[in-house]
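These notes are about the structure you will find just below.
Going in written order, the chains are labelled A, B, C and D, and every chain counts its residues from 1.
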Amino acid sequence: MTTIRIGIVGLGRLGFIHASNIAFSLKKATLSAVCSLSQDELNHAARELFLPESSCYSDFKTMLASGKIDAVIIASSSAHHCDQVVLALEAGLHVFCEKPMGTTVKECHTIEGAVNKYKDRIFMLGYMRRYDASYRYAKEKIEAGDIGKPVLFRGYSVDPSHAMEGFLNFLPNSGGQFLDMAVHDIDMARWLLKSEPRTIYAMGGSFAFPQFADHRDGDNVAALMQFENDAMVFLLAGRTASHGYNVETEIIGTRATLRIGSVPQKNLVEILDSSGVRQECTQCFSERFEHAFIAELQEFVDCILEQRKPEITAYDGTRATEIAVLATESFRENKLIHLTEAVPIDSDGMIVES
Amino acid sequence: MTTIRIGIVGLGRLGFIHASNIAFSLKKATLSAVCSLSQDELNHAARELFLPESSCYSDFKTMLASGKIDAVIIASSSAHHCDQVVLALEAGLHVFCEKPMGTTVKECHTIEGAVNKYKDRIFMLGYMRRYDASYRYAKEKIEAGDIGKPVLFRGYSVDPSHAMEGFLNFLPNSGGQFLDMAVHDIDMARWLLKSEPRTIYAMGGSFAFPQFADHRDGDNVAALMQFENDAMVFLLAGRTASHGYNVETEIIGTRATLRIGSVPQKNLVEILDSSGVRQECTQCFSERFEHAFIAELQEFVDCILEQRKPEITAYDGTRATEIAVLATESFRENKLIHLTEAVPIDSDGMIVES
Amino acid sequence: MTTIRIGIVGLGRLGFIHASNIAFSLKKATLSAVCSLSQDELNHAARELFLPESSCYSDFKTMLASGKIDAVIIASSSAHHCDQVVLALEAGLHVFCEKPMGTTVKECHTIEGAVNKYKDRIFMLGYMRRYDASYRYAKEKIEAGDIGKPVLFRGYSVDPSHAMEGFLNFLPNSGGQFLDMAVHDIDMARWLLKSEPRTIYAMGGSFAFPQFADHRDGDNVAALMQFENDAMVFLLAGRTASHGYNVETEIIGTRATLRIGSVPQKNLVEILDSSGVRQECTQCFSERFEHAFIAELQEFVDCILEQRKPEITAYDGTRATEIAVLATESFRENKLIHLTEAVPIDSDGMIVES
Amino acid sequence: MTTIRIGIVGLGRLGFIHASNIAFSLKKATLSAVCSLSQDELNHAARELFLPESSCYSDFKTMLASGKIDAVIIASSSAHHCDQVVLALEAGLHVFCEKPMGTTVKECHTIEGAVNKYKDRIFMLGYMRRYDASYRYAKEKIEAGDIGKPVLFRGYSVDPSHAMEGFLNFLPNSGGQFLDMAVHDIDMARWLLKSEPRTIYAMGGSFAFPQFADHRDGDNVAALMQFENDAMVFLLAGRTASHGYNVETEIIGTRATLRIGSVPQKNLVEILDSSGVRQECTQCFSERFEHAFIAELQEFVDCILEQRKPEITAYDGTRATEIAVLATESFRENKLIHLTEAVPIDSDGMIVES
């Protein structure tokens, strides 16, 4: 059996999940190296994932040059994604990059350039919803024509309130709700509707946490877009869901409607007590998308072994980022954006504000 | 327009609901007289239902003889049902009798005798579930063959815990859970399955309230019966539902299953909060069957005007009582009862205990 | 008992429902007169509602002058609402007017003027959702602070596909989806959020029926508004729901979320068959709002008897119309509308297009 | 890292699932050998699970003696379980045995004897529901006292209709619905209620497939038991579910009720179309219990490594079998069984029929 030897950089919450999945849940893959700036994280990974010390790296380039790995997972902090993707491709490795692909449109373009240059390398982006069983089931039904012509895509991505305290430290560098949260829904809308936005109008507010306004952000934001095929797209991104991790999608068509996760239930238990009849909910991304995280990495491995490209491309990463940046712009300037107009981009790859 | 002039005896909780429905919600009917032993209840009814003092009676026979009414609703306490039904029929009136028809099988037989004697009078029993929109919808689907051959009928009738305190005063005279609660499910099973029980095995316990055991009853009881068409019937009757008034029915067939009220939701509001995603529940029979109580009286009035018999007969009342008595017997004696054997009935119409 | 004598003009589908409710389901009210241009409708009403011929009118003014009625229900076609409301108020009657109050903002202003002039008369508008048990339950929870600060109001009003054929005849005169369908959601948003819109961006498409585009309308339209309290409002109005009459509302707050009717279930029956586990849905407004139609008329009658004003005012009618007109404008011109800017109104009370 | 080397006997449907899970989804375990009488199954496993030919065995004893394995999974046909368990224990291996532990009570006793003799070996039974996330969640709530005192356990295990054709070949040797299907519910009832049955009354019918009656079995059977703690237990086992693989459990307590899988939904997609609002269902045990099958084997491996006993014992297997045999007896003889009476067992370990 050929197995792909994988290294991972970044052993934070999601990084460790990826590392565990490679070690224990993937077929035809081995966890061969881990890299982190934190010695604690390295020790923890070595112990839990049964790795020898020699497989633990504090320097990314050393890991790339070790000869021990065929592919690398980039799960470091967003600011490093662009450099690390390019370095890894240059080192001849296959690359799986966590979202966001880059923190600016310019970084995205840099990555796209590298991906196009090293065409024989597999490059894949961590938009795990595309590999979630429920989203795939919905996609199949749409492709089969079961819902008729798509009329409305509605996507909610709302983090649970209890995660707010941890988030507030990250707020100044978060890039805003559209880039940080809504990119997944933007990708879902493009994937399921097979079309691109024509207009965007966005808004938001600091309903519970005034700190968001200080960063020109909102604790809840929304956008309405019309796509080129006339389909309407409504997005809500926020951080104050009381019931749990609320990732919910609806696609209304002329013949049927699909809803995914409108009750983000934790499991199959229903409780009847003095509060009524209730279902408890998933409380974080790792609980909701536990199996999708495995499926996406398996797809990455299979693409490498079968020498085929993943469905999701670097362009998808750029596009979701561009749209999120435009939505942020619309929200901050309270204006309607027509995408047919040329979008002025500054030297940092950010949209020039008028 | 011909209207039926109706009198009612009994102005307790359900009696007052019936009186209000006659006064305000029925077509082709008028509330012409009310009768109660309680002057307070009479005053309250007069005021709320806009009745003159002359329409208020403290004596049942006087109301029957008043010439003011064509029909009478019997909503007095169970011990009076038998006498009052017979008196009303003898007085030439149409009769609607609340459940239970009688407190013993013998009383049921007496009523059946009177009903058969006064064949031109309409007699109807207050088994309101037969007039509930959801139960009727299920009945139509079963009749249409949609579920195939019935395999299992499951009926729960569980009162909410918060009603226990009020119930405990009534406990010594309640007749037991099977007679007091499960008769509705027994009627539903016979109505939907169109068959009769062949065997009965019942049991119960005093899970939360030891007082029940003192009266050879249980705060929750259950029975399993097999009907002559092989269909299996499982009943649960109890008084400790924490979430509300839990009347729930399931009919499993070889081709489909129907569930009625498995979430006894109060309304169309769904609440998402720290306890999860939940629906609040109906809390009492008057809330759950609000519209069924109107529909059954409307059917009574329409039967009178159209000179046709209601679907539900005095025999149905007798039969539900008999089966409930047998289930009580099975529970108390912990024995299996075969209904093909002759059932020994004593001079009070109760089954002779072996 | 004092009873209010009510006349009704318009005996179409909704008019007849109102007439029946007055005749049979209201307390302290009598149906004393009906008026229609159609002799068939008059005959039908006389027969079904047990009215003498002398209570049937083909001329509205004759009915007003008959001395038989204290109040009038306006359920005629929209074009007549304004004139009839004014005539009825001038005749000294209390008035209940079906939605839309007027077909133009100017008509709304005319009605508001008359209502203000005849202050001792009760005037009420037929926004029945305000009297639906589920919407009232949600309102109480919001007022009690249970959901915290409102973040998003989402309202869908989508007619079932099977009603399309009938609607197409009416399309040329419908006023468009925002005026015809979304006004209910606009009223709900104002009622539940207690705020007014600051910006509106609307869009739509002819996804299944190109005829809509011919009338500058869409078979499905959507709008995103931000209200003055920052709350965001998303509306969808359409006519292609495959599963039934889809009136669905969600109010997301910082502490809890409420959903009303997200499954517009027909009854309490759940069906398990080869298509899965399913609930059938309500198919028309009269089924979904059967009891709200009674409750709103009862409130009208009670307001008259108790000499108090209904919660809903003529201004609410004007405002919902204005907002619907602005949404229509935004959709047709593909532009963002800021409501803080003065809105230019032409001599017909329509917004002047720039 | 120490890893447990596992061999498996039986590569049918469930055997292959176990083999794949060991190969790809377990931590600290390796699939080291497979055994089957079918060369096709061996070839298929070798190819899909990347096993060398030398790891494939057609003889069970040869595999046991190979020195390649520390533990063995018994997933062969039921008739071989008893012999293979004993042989494996004698060979010094840890044993995981699929349900049923034995086909007779006598076989169960033989296994219990061997397990008790080889106390240092881990023995575990494949009652996977105990390792399903939803059942475990329910168990925790019950242990925490959240539901109060248990009143009723209701367990349904109904195979989908579409599986009937395949089943009919197996019918003559199936042992009947109680042994074949209801044992899982019997185990769940004992596990969740922590009590044992005192009485059993069972029944059944051949509602759709007369063939079952020929084998003194039913296509649907039911039983009502009372446990020693008074809790009531209702079981339904069948093979004609139209909507899917219907494994559904309810535990009603004096303070709350838990339902597990009352809608056995396939995924998080809800479909709104002309049949209403629906969820599609899981269609087989491997879909519903996909993750439980992994979790139980992981527990087996962890028990071996940590030298601790699994929660489920050989006695649990014997007890579930005994109760299923008694239920079968009650059904066939149409009699109530009191478990306090001595149960006469014949020389095959089957209950002596009176």
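In this text, a contact is a pair of C-beta atoms (placed from the backbone, for glycine too) under 8 Å apart; a residue touches a chain by one contact, two chains touch by 3 or more.
Bear in mind that the values here come from a model prediction, so they are computed numbers and not experimental data.
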Would you mind checking which chain's C-alpha centre is most distant from the centre of subunit B? A
Check: interface with higher C-beta contact count, A-C vs C-D, is A-C
Distance between subunit A and subunit D based on Cα centroids, please, to the nearest Å. 39
Averaging over Cα atoms per chain, report the distance between subunit A and subunit C in Å. 42
Subunit C and subunit D, separation of their C-alpha mean positions in angstrom: 58
Send over the residues of subunit A in touch with two or more other chains. 241-243, 255-257, 262, 264-266, 271-274
The subunit D residues in contact with subunit A across the complex are 1, 23-27, 50, 133-134, 137-138, 141, 146, 255-262, 264-274
Using the touch definition up top, name the residues of subunit C that touch subunit D in the complex. 241-244, 246, 263-266, 271-281
In the complex of these two chains, what residues of subunit A are touching subunit C? 148-152, 161, 199, 201, 203-205, 207-208, 220, 222-224, 226, 230-232, 234, 236, 238, 240-243, 252, 254-257, 262, 334-336
